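Heads up, the next two complexes both have chain A, just with different partners, chain B and then chain C.
And now, the complex of A and B:
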């Protein structure tokens, strides 16, 4: 009976949605749909709870982290949640307490990949958002899928997925300035040596004025590379001539406007740098900064600064809204901004990769295959 | 046992045969997706409907605010559009928008608007109830296109531009705003269908009815060029105007009907211009709702490209016609709407192949490559052979 009633409501609502032309009508329509939507949300939440009960789902509580996991993976999830919770506490301190209001779900699903059946663990926020705490910014679902194909990698992947998914509500609760500076949620996963090496290599191979100055230890250069101080002229300082041409070429829809097509062509076809500079002047600072001030560098700096500040660093960072970003990190780390950047530069330099050498296994495998091919060729006779 | 060439070939053939047998013998594994529960599906459907209703309500609130302002600030000057910009915007942002609107207006060659046009820019960064209208984009484009007798009643065509993201309205974000309105399609959307109304007057009854049944999406991006008058047919003129090579990814937006139309099945063209999301006379046109399932974002230029191909005089006759578009087009250009749509699609996405197959050029390339490989193998054979 309830379904018939709901279907009737739905059918009567369809024409009105499309035709509502007075604001009052549209508002009335919305008011009529909202309770139905909220009821459906609650019904879906109830259904989800039932399914989890049938699947033997258990609520795993580790620190401030809450994960509803299927019974088949509950042990694995509990272990990962303990590690993730420790990371969250270390990075976000007392602010991680808000995560108790944002539980996660870990589900075991059978899927077919390239014709083979396998299982994956999906880590996400519960689909019906009923009961979510109001007031925070918008939080995407951003589901993480962990394949069980490689048993050695599963536990590490699961920890990283929980750390990343849990950081989304914390990111949404940040003020605009800090959220835009970070660009995406700062995960609690500590920066690995590979990430540090990657950041060093990116900086060393960028060849721009800003990157060179930062690499040489110039604090102002590093501040610009981190987006803590605006570049005086991002087009000239943040890009080489070849990079300018590439960026212009890559933004054809935006930069080859009818009035400026000739200038665009002079840049892209004739490699005329003055034309490239003129074209790039029309791009927004944010778009330009994404190249010379990469997110990986900013994240690495944020992690490192908070590690320097110890307990309460993240709370100080959050509480200092309204101050320039550099000052906020200085407050969080408990040292002057320039000292902080200079010491971070020293830390970044430790990411310089060592000279690569051939691993012994590769050397042995190479010799084996050379020998095998040689032996086969010696046995081959002339073709008769 | 010596590894002679015959044995090498025999061994390789045996392995290939085994692999082929294994592939043929294996039952294809059906691709399975995790089952989505019925209540989740119902929730998603309701979420979409509530989101749409929320978007519509927000657009109507913006419309009411703008119409109230227009009543008190009506201008008699028809050389340009009347521009009303939200005083909440910083001066640099206002200047960027005013210049972008004026530039777009000038590019349309409108000396004196047949029907007064107003472009209103409103800052609307408030988050909707329960965050229902998520994903609404940085800028919304809504239009109030007057009825066909607007020329005499003095009704104006109104473009309502809603700035919905703080990243383009806060002080210091003027370059982001400039980038957001610089794209050709975004610039054309600043005036939208009002560009046609300003340049050619109110559409005739037949054209208006046809466009309203399609949410005016085929007139969303006014941008035309003036070609010298020639006796060439519509398709040839369109080819002359549209010299750019088709974009490689443009076919991805096409529906099967759209692709069939581009492949020469003119009977499918009418279906690809099908009605949906209809709007009554004087109703608010929301371009976000009017996304085209057959042509993607290309549908917005359909009428603008027809204006380029026909030339301004003939297009004006077509635009103001009381006949349906097919009859109106036959009257001014002796061409059916289906044929024009086919020519337009070919110009935009290139000629499409009718179903899967291999082109003659691909056949020739494959045969040449095979012949070359055989020749090299035979040459090597003759050199290795012991006589």
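And now, the complex of A and C:
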């Protein structure tokens, strides 16, 4: 009975195998769907136009920044756009002029969070992208969502969202070397003390040969930590033994190949460092660098270097394509590369968090509560 | 008279204080032992993680010592039905203040032990580059936390059974409302609100709610 069933299944499957779709058939099938896809896209665009008309969308122009905002939030967006435009001009100088061709949209949406209705502002590039320049890198939409729950934080969040969204086309217009070095768009938002502290803590706790040398003020160590000079041996200089084991463990799909499974297991299971080193040699330099040369450090350096260079720093940085990255930042900042790195190191050291003592407010509050409890005790009755 | 009260306080609590002092001295040493792998590998990130996860034991130890010392300060009065205090030729508030002061003074022993333990623990290890030891900051936090726990429990213990009952009843009612409210769909969370206020930086137990770090960047 079972044989009859299997034979029947096989005979039924044979014509289907014969009819298997070829690549050309698949392409033809996809081409057939193209008009429907275009119609759907047009319908979505029509819907968005209607929504904007209903919402009374207004174009806000502040400096080089163009934002299409829903009428209900025009005032708030205009105020944020003025601040963001000033930041963009300060960081990107005349290059910010290109932003006039890349408007943003700020939409007010009602959402339901944990059963409660609330509103959010969505800031993004319009879809489809308008005026994408040929040759430029891909400009992602990267929507930012600002919750209106905390009224005190909305304006600051909105400014940061506009600054971040506006920087995307500027990033896409960069040459490949600089764009890859920055990894993601450099926002116009000034570096806060918290960010500087974060960068310091990252460096202080990395415990790698590179980070220790940079922390001690060695310029070459800092150049390697910033990715301005390639590390001689990234696997050894950029990782501790424990970090090597963790990186190998985190890249199972890539590093536990059939021929090298035993070596992978010796690294992960037996903590054998030589096996970890051998496994890591198969990762690309850029993948290795993402750990010992973190993006937060590179961004902080880029912001600081451009602030040193003053007006036109970003234009000089862009115009010097073809030179090594360190030289480009030196040109932008108007000082030799080693001096720039040494002075940046001094700036980074100011980010060291203060001693982890009790915050003054907490200390005062604690003394108050001790006093209050003591006073309550004094009022206790001797009669029971 | 304060010396007499201090002497009796010491007599009642010396066994417990000895144990607390040993515990306070051992805590920093144990925290270094918990982080021995990170120290051996000189890995700052691992070390900070180990030190931070050990931090809650300092808070628990401070709360426990404060509670025990406060309890022993009133044990004799409670068992004697407060007749001894009535027989003394001093006002009630002066008597309570001396009891409070005597108990608080005995807290100096575990505090000193913790400071010494922290200094010994730091001297016995080599810290990775970029990290620093903060024994005195930790001792200050420990002192405040211990004194606060002591003051709170001292105030509760100095009250009548009725006062303690009312406090417990209010707390129980809040928890009951929290549980039943969730079942019948009331969107209010008074217990969580209460905990947030109490553990806030300005709240009653705010000093407990932060990083107890012997070693930090």
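One rule holds for everything that comes next: the second predicted complex is superposed on the first by the 299 of 384 C-alpha atoms of A that agree within 3 Å, B and C clash if a C-alpha of one lies under 4 Å from a C-alpha of the other, contacts with A are read in each partner's own complex, and residues count from 1 in each chain.
One rule holds for everything that comes next: a residue touches a chain if its C-beta (ideal position, glycine included) is under 8 Å from a C-beta of that chain, and two chains touch if they have at least 3 such contacts.
Treat the numbers as computed from the prediction; the structure is a model and nothing was measured.
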{"item": "Touching partner for A:40 - first (chain B), second (chain C), both, neither", "value": "first"}
{"item": "First (chain B), second (chain C), both or neither touched by A:27", "value": "first"}
{"item": "Contacts of A:285 with chain B and chain C, given as first, second, both or neither", "value": "first"}
{"item": "Contacts of A:201 with chain B and chain C, given as first, second, both or neither", "value": "second"}
{"item": "Contacts of A:354 with chain B and chain C, given as first, second, both or neither", "value": "neither"}
{"item": "Of chain B and chain C, the chain that contacts the larger number of chain A residues", "value": "B"}
{"item": "Which superposed partner A:376 touches (first chain B, second chain C, both, neither)", "value": "both"}
{"item": "Chain B versus chain C as contact partner of A:192, first or second or both or neither", "value": "neither"}
{"item": "Shared chain A surface residues [contacts with chain B and with chain C]", "value": "115, 376, 379-384"}
{"item": "Chain A - residues contacting chain B, complex", "value": "13, 17-23, 26-27, 29-30, 33-34, 36-37, 40-41, 43-44, 47-48, 51, 109-112, 115-117, 127-128, 138, 176, 180, 253-254, 257-259, 282-287, 376, 379-384"}
{"item": "In the complex, chain B residues that touch chain A", "value": "2-5, 8, 28-34, 37, 39-40, 42-43, 46-47, 49-50, 52-54, 56-57, 60-61, 63-64, 103, 107, 127, 129-131, 134, 166-167, 173, 175-176, 178-179, 182-184, 187, 277-278, 280, 283-284, 381, 384-386"}
{"item": "Of all residues in chain C, those that touch chain A in their complex", "value": "41-46, 48, 81-82, 85-86, 92-93, 96-97, 100, 128-131, 134, 137, 140-141, 144-145, 147-148, 151-152, 154-155, 158-160, 187, 201-204, 206-207, 210-211, 213, 216-217"}
{"item": "Complex contacts: residues of chain A adjacent to chain C", "value": "115, 200-201, 203-207, 211-212, 215-216, 240-243, 352-353, 355-359, 361-363, 365-367, 369-370, 373-374, 376-384"}
